[in-house]
Amino acid sequence: MRNDQRTVNSLRPIKITTHYVNHPEGSVLIEVGDTKVICNASIEDRVPPFMRGQGKGWITAEYAMLPRATAQRNIRESSKGKVSGRTMEIQRLIGRALRSVVDLDKIGERTVWVDCDVIQADGGTRTASITGAFIAVVLAFGKLLEVRSIAKMPVTDFLAATSVGVLPDGEEILDLNYEEDSQAHVDMNIVMTGAGEFVEIQGTGEEATFTNSQLQIMLNLANDGIQQIFTKQKEVLGELTERFGETVKKEG
Amino acid sequence: MRNDQRTVNSLRPIKITTHYVNHPEGSVLIEVGDTKVICNASIEDRVPPFMRGQGKGWITAEYAMLPRATAQRNIRESSKGKVSGRTMEIQRLIGRALRSVVDLDKIGERTVWVDCDVIQADGGTRTASITGAFIAVVLAFGKLLEVRSIAKMPVTDFLAATSVGVLPDGEEILDLNYEEDSQAHVDMNIVMTGAGEFVEIQGTGEEATFTNSQLQIMLNLANDGIQQIFTKQKEVLGELTERFGETVKKEG
Amino acid sequence: MRNDQRTVNSLRPIKITTHYVNHPEGSVLIEVGDTKVICNASIEDRVPPFMRGQGKGWITAEYAMLPRATAQRNIRESSKGKVSGRTMEIQRLIGRALRSVVDLDKIGERTVWVDCDVIQADGGTRTASITGAFIAVVLAFGKLLEVRSIAKMPVTDFLAATSVGVLPDGEEILDLNYEEDSQAHVDMNIVMTGAGEFVEIQGTGEEATFTNSQLQIMLNLANDGIQQIFTKQKEVLGELTERFGETVKKEG
Amino acid sequence: MRNDQRTVNSLRPIKITTHYVNHPEGSVLIEVGDTKVICNASIEDRVPPFMRGQGKGWITAEYAMLPRATAQRNIRESSKGKVSGRTMEIQRLIGRALRSVVDLDKIGERTVWVDCDVIQADGGTRTASITGAFIAVVLAFGKLLEVRSIAKMPVTDFLAATSVGVLPDGEEILDLNYEEDSQAHVDMNIVMTGAGEFVEIQGTGEEATFTNSQLQIMLNLANDGIQQIFTKQKEVLGELTERFGETVKKEG
Amino acid sequence: MRNDQRTVNSLRPIKITTHYVNHPEGSVLIEVGDTKVICNASIEDRVPPFMRGQGKGWITAEYAMLPRATAQRNIRESSKGKVSGRTMEIQRLIGRALRSVVDLDKIGERTVWVDCDVIQADGGTRTASITGAFIAVVLAFGKLLEVRSIAKMPVTDFLAATSVGVLPDGEEILDLNYEEDSQAHVDMNIVMTGAGEFVEIQGTGEEATFTNSQLQIMLNLANDGIQQIFTKQKEVLGELTERFGETVKKEG
Amino acid sequence: MRNDQRTVNSLRPIKITTHYVNHPEGSVLIEVGDTKVICNASIEDRVPPFMRGQGKGWITAEYAMLPRATAQRNIRESSKGKVSGRTMEIQRLIGRALRSVVDLDKIGERTVWVDCDVIQADGGTRTASITGAFIAVVLAFGKLLEVRSIAKMPVTDFLAATSVGVLPDGEEILDLNYEEDSQAHVDMNIVMTGAGEFVEIQGTGEEATFTNSQLQIMLNLANDGIQQIFTKQKEVLGELTERFGETVKKEG
């Protein structure tokens, strides 16, 4: 039994509120247990300088926490005048993950800005951000389709993420909360597509190391969890998901 | 009739959700029309260096907007590496206002950090922040009283804020939304106490100037609006408000 | 009697030296009692990016203190690598005030840079800066008129500022020096035009609050003081002041 | 056949020069093909503030490239005034990896600063940095043992890293050079210990995704390559490696 | 004949106003032709961390220009968020020069902060700063002597600086104004003591090179000019100069 | 006898390795005794904004030390977020020196970026940087000549630098190592051309002053040392040096 009564292979309850903020093209509040993240997707009608003139788009992500999303208040990164290494790692991860399931050739010279702002943190903020940001991005493309700014849904497949780890007693578990994450000997974040393939695996054992067989158990736990998340995403996104993959080049 | 059907002297609907985030000592989501601000009050058991050894406390405020709280996405101040002049003005205003109704001698060497994070903006974010932050601060002191960290409620009176202005047609109005604020010839923020006195008046007419009689009309509108806000605050804070002023030195 | 023998409604002696520095288009040393500020106005033949192509100009202000303008040496903002909140507030105030009496449509795509550098501080540095900067700006426009870069004086009216406040004994006073400012319960800066209207009112009572009747007394003190400053400005600017308002749109 | 004639499972030639710079306690120039990194380990006799008084040590790493280590000159991070996200990710990775094989309780309140400076880059700079930094750290501890500042070798096991990936034609390969890395659909960095366990797995497929069976092939390639690197490390470090693990708590 | 009618070996008129600003321990306005610099010396009763506990003092200098001290307005270094290389070079030079004639062992653990702020620039701002700063520092020490904070005058000798150069026609000249400085093929700053020895020689020929015989002519011009400056300094400082050297260790 | 057995007028052994890094157009490792500097010259096909449209080129230099190039580890300037005054002084000096022997009109609108990175420091890093950077720049121009991007060698003469100083015992010495430099009363850096003229003289006596006769002795020592360095440069550069000066305007 885990500290919140879950079994080793259960996810925390997931709640998704779409259209949470009224200005962005796509906006989602995702709650995974006590972790709450606002994911906003904004469409800008130009790309960064290094991509101009190529006729294709770009997706970039930013991540932040409210100072008191955590038990101890954190100093704002704007006050410190710089973004921490942890923040940069997370926002690079979110951006990379989203780009893996979007056909950037099909969105024209546009930038999708994804903002993931953690309102309340209880472990797994980066994986919740990816799962929620995916929904916000699909909603934003839905809006572009509606006004016929783009012709086809540029999203090729589902995308979601979760964490897995190894507790000090050697037990492999799914979807760590903050207390579990603090104690875990191994911590791994997995991003997968609807097709069941990996987009990103980031596993680290600072206090310990792990074997290939432990890795396999964790990958299986992650796979099962992520399948459940896809079901949630499908419920929320409805018929938009039927258009996934319509831009995929058949001859490719 | 105003762009949202209000009369010149009506406030927008105000909705206050307490205990919105679970970590802070005091936490409030305040909604004033479409403006939504999370106000968190955190208690830290020490004061900044310049105040050490004086046996009294300090209150300081920080203010930020999510990048897509507005119609156009704003670049994060953490990415720019510096806080804008507008942000600094607002957070200095919030801090000053709160300190005017708290007896800092009664809270020991503690710092109250107030974080106002605008989730969605439609004008009046700084006045909503003050009104909401006041509630968060009272809740945080309530928690200190509960655990007997302090003996008396250090808050001396109610505190709330609103905006008033003059439209291009010369009409004075209460509680401007974003569209009104963009057009107004005069824009004024008023902070008042429960006793009906001013804590802060900030009035500016960039496109125009204003006369003393216009000023009086605006001050009256503000006074009427702020009285209604006090009623809201009392509903939300309940019996905590009965202890306001118990620290005031009778002989003072 | 005040700490420097003045009555409650007297200004400190004002001394204005024009053409103080030889490079700027307009340059003034203003001394208000022991407060000394160099105000330079520079004309640049382009506007900031956000204003290009609109055929109108812009006025922006910067404010700084020499490190030893005060009793204790302050660290330079260039060494700290950032401009403080107080500095930003003041330079935004100066810029806004000046723009309220200049018809920006009449100066073409030019930027007026106003630099207010406090050489010696004894209270009231921001209001002295506004009063002096106004003169520097008029002189700079005078130079543009002379060389026929512009056809009409774009200044519409006089502009000056002073401070008022309430001492701990409840007395309202005009033009606070540093010692008075440190003790005052209320501190208010007022910017007015020659027509007797308000451009900006910024009043704050951190240690105390103030009533509407106190406000009225302070506004009257400010009005009387500012009238005297206008007389000084007129003496210094001479016939340039006769051209004020010649650009005002009659039909507007 | 690969672009440099290697088979899919061959490493590039590795050359290790110890005592490369004369000041650091441990100094190594590691060359992996055309990638050249100077790895210096410096011992400081104190720990960062957050660790003081715990009687244990810390290892932290910094990573940089000379501006012209690459085909195009990069702007120095000191000139930009900030460290990039990529740099932060890499230096956090190096530090974490080294800490996994050092018993920090056995080094007293000391900080080991590891500096990895890339002189010439041809892919795999972060894995070469880990492999080289491990040697520099062992040499530095060797020096501490020599002067009896510490009693036992605090290193518990070998540590090395390499990259694996998937080429566009679907072939899995070991130890990617820059050209391969630019084209690869999947790029994965693996850090392992002498015991054959994983310390870190970071795999990403920006242009593509990967399956679990591809993952297994890559992990096997990495394992074979890293075993060869351990042999190199043993040659260079000699009898120091015989003392690895002597601090491991037997009862743990 | 030079562009301002001077002979090759004449200085521009020098005017020194002491006690120019009322707060600093030593304050001077120095005018060298049209170059005007405010030099303030502030005494702080502690030294920087790297010098604590040694029982001796420190002198450090900062240098800045008002944005419109020059023909073209310069962006403030506080706005740019960093100090330029030129500024750093100059303030390091001023500090070094002053430290060469002050016996830091005799001032206790105090820091002398020297601020040189250029109000108006016409060439030679760094040498005017040194000449003026020396006077401000002596005045500040005079004040310390007066209140018996120190027992002996810690200044060992006079200190002054000037510039010399070579015009395009090959003529060596003394004390270059801005126009001359812009055209000169060689530009050299010389700092000397009352004893006629060099403290600093900084000569550079970006557009050209110079021979040893040209160097000798320039050094002689500088020596003659600096002797005249010493006379000025003596007039201004009066009897304080009689105490120079009283701290010099006789046995040294 | 000096601390490393040299006579007062001997240089330390100089070793120059060309083509040290494979990417830059010109690359040199220069070793002067135990001081080792990598000097890379990169050609960029554009000039900085302030020089565009003039048809001429620019040379700029950057200088840095590896953190552990010195006995004590230095904090990276990228971590501090700013470049120190010392670094700026040195890189400005290197750039100025190189520009004095290159005919910028003959290289078209190109920028030569010179990077001097100190791997190991033992005094004289700035002069070794100049001597090595000159070789790197000539090699880079050699490459441009080879591919006929430019028609003539734009270098007009040899360029090298060394240091001289005065030891506490009054002895003048050539080419100070770190220990000598720390003790020296006078420290002077001299940059000269093949024609035996001075490009830059920077002499400073922080602990002491120096006389004109001491200056002459130091200049002679420097001249003799630099002649030996030119011989080394000629050996390394070979026939490229025969083309020096071919662009000099005969009529100039």
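Things to note:
Labels for the chains are A, B, C, D, E and F, by order of writing; each one numbers its residues from 1.
Quick note on the criterion: a contact is a pair of C-beta atoms (placed from the backbone, for glycine too) under 8 Å apart; a residue touches a chain by one contact, two chains touch by 3 or more.
Quick caveat: nothing in here was measured; it's all calculated off a predicted structure.
Within the contact network of the assembly, the step distance from chain E to chain F comes to 1. Considering every other chain in turn, none proves to be in contact with both chain A and chain E. Relative to chain D, the most remote chain by averaged C-alpha coordinates is C.
Remark: rotation between chain C and chain F after Cα superposition is 120° (nearest 5). The equivalent interface to E-F, defined as the listed pair sharing over half of its contact pairs by residue number with it, is B-C out of D-F, A-B or B-C.
Chain C and chain E have Cα centroids lying 34 Å from one another. Once the centre of each chain is set as its mean CA position, chain B and chain F turn out to be 60 Å apart. Note: centroid distance chain A to chain F, computed from Cα atoms, is 51 Å.
Within chain A, residues 81-83 each touch two or more of the remaining chains. Moving round the ring of chains, first from chain D across to chain F, one meets them in the order D, F, E, C, B, A. Residues of chain B that touch chain C in their complex: 82-86, 88-89, 91-92, 96, 99-100, 188, 193, 195-212, 215, 219. Taken together, the chain A residues at the contact with chain B in this complex read 21-24, 27, 34, 38, 40, 42, 44, 62, 64, 66-71, 73, 76-83, 87, 113, 115, 117, 119-120.
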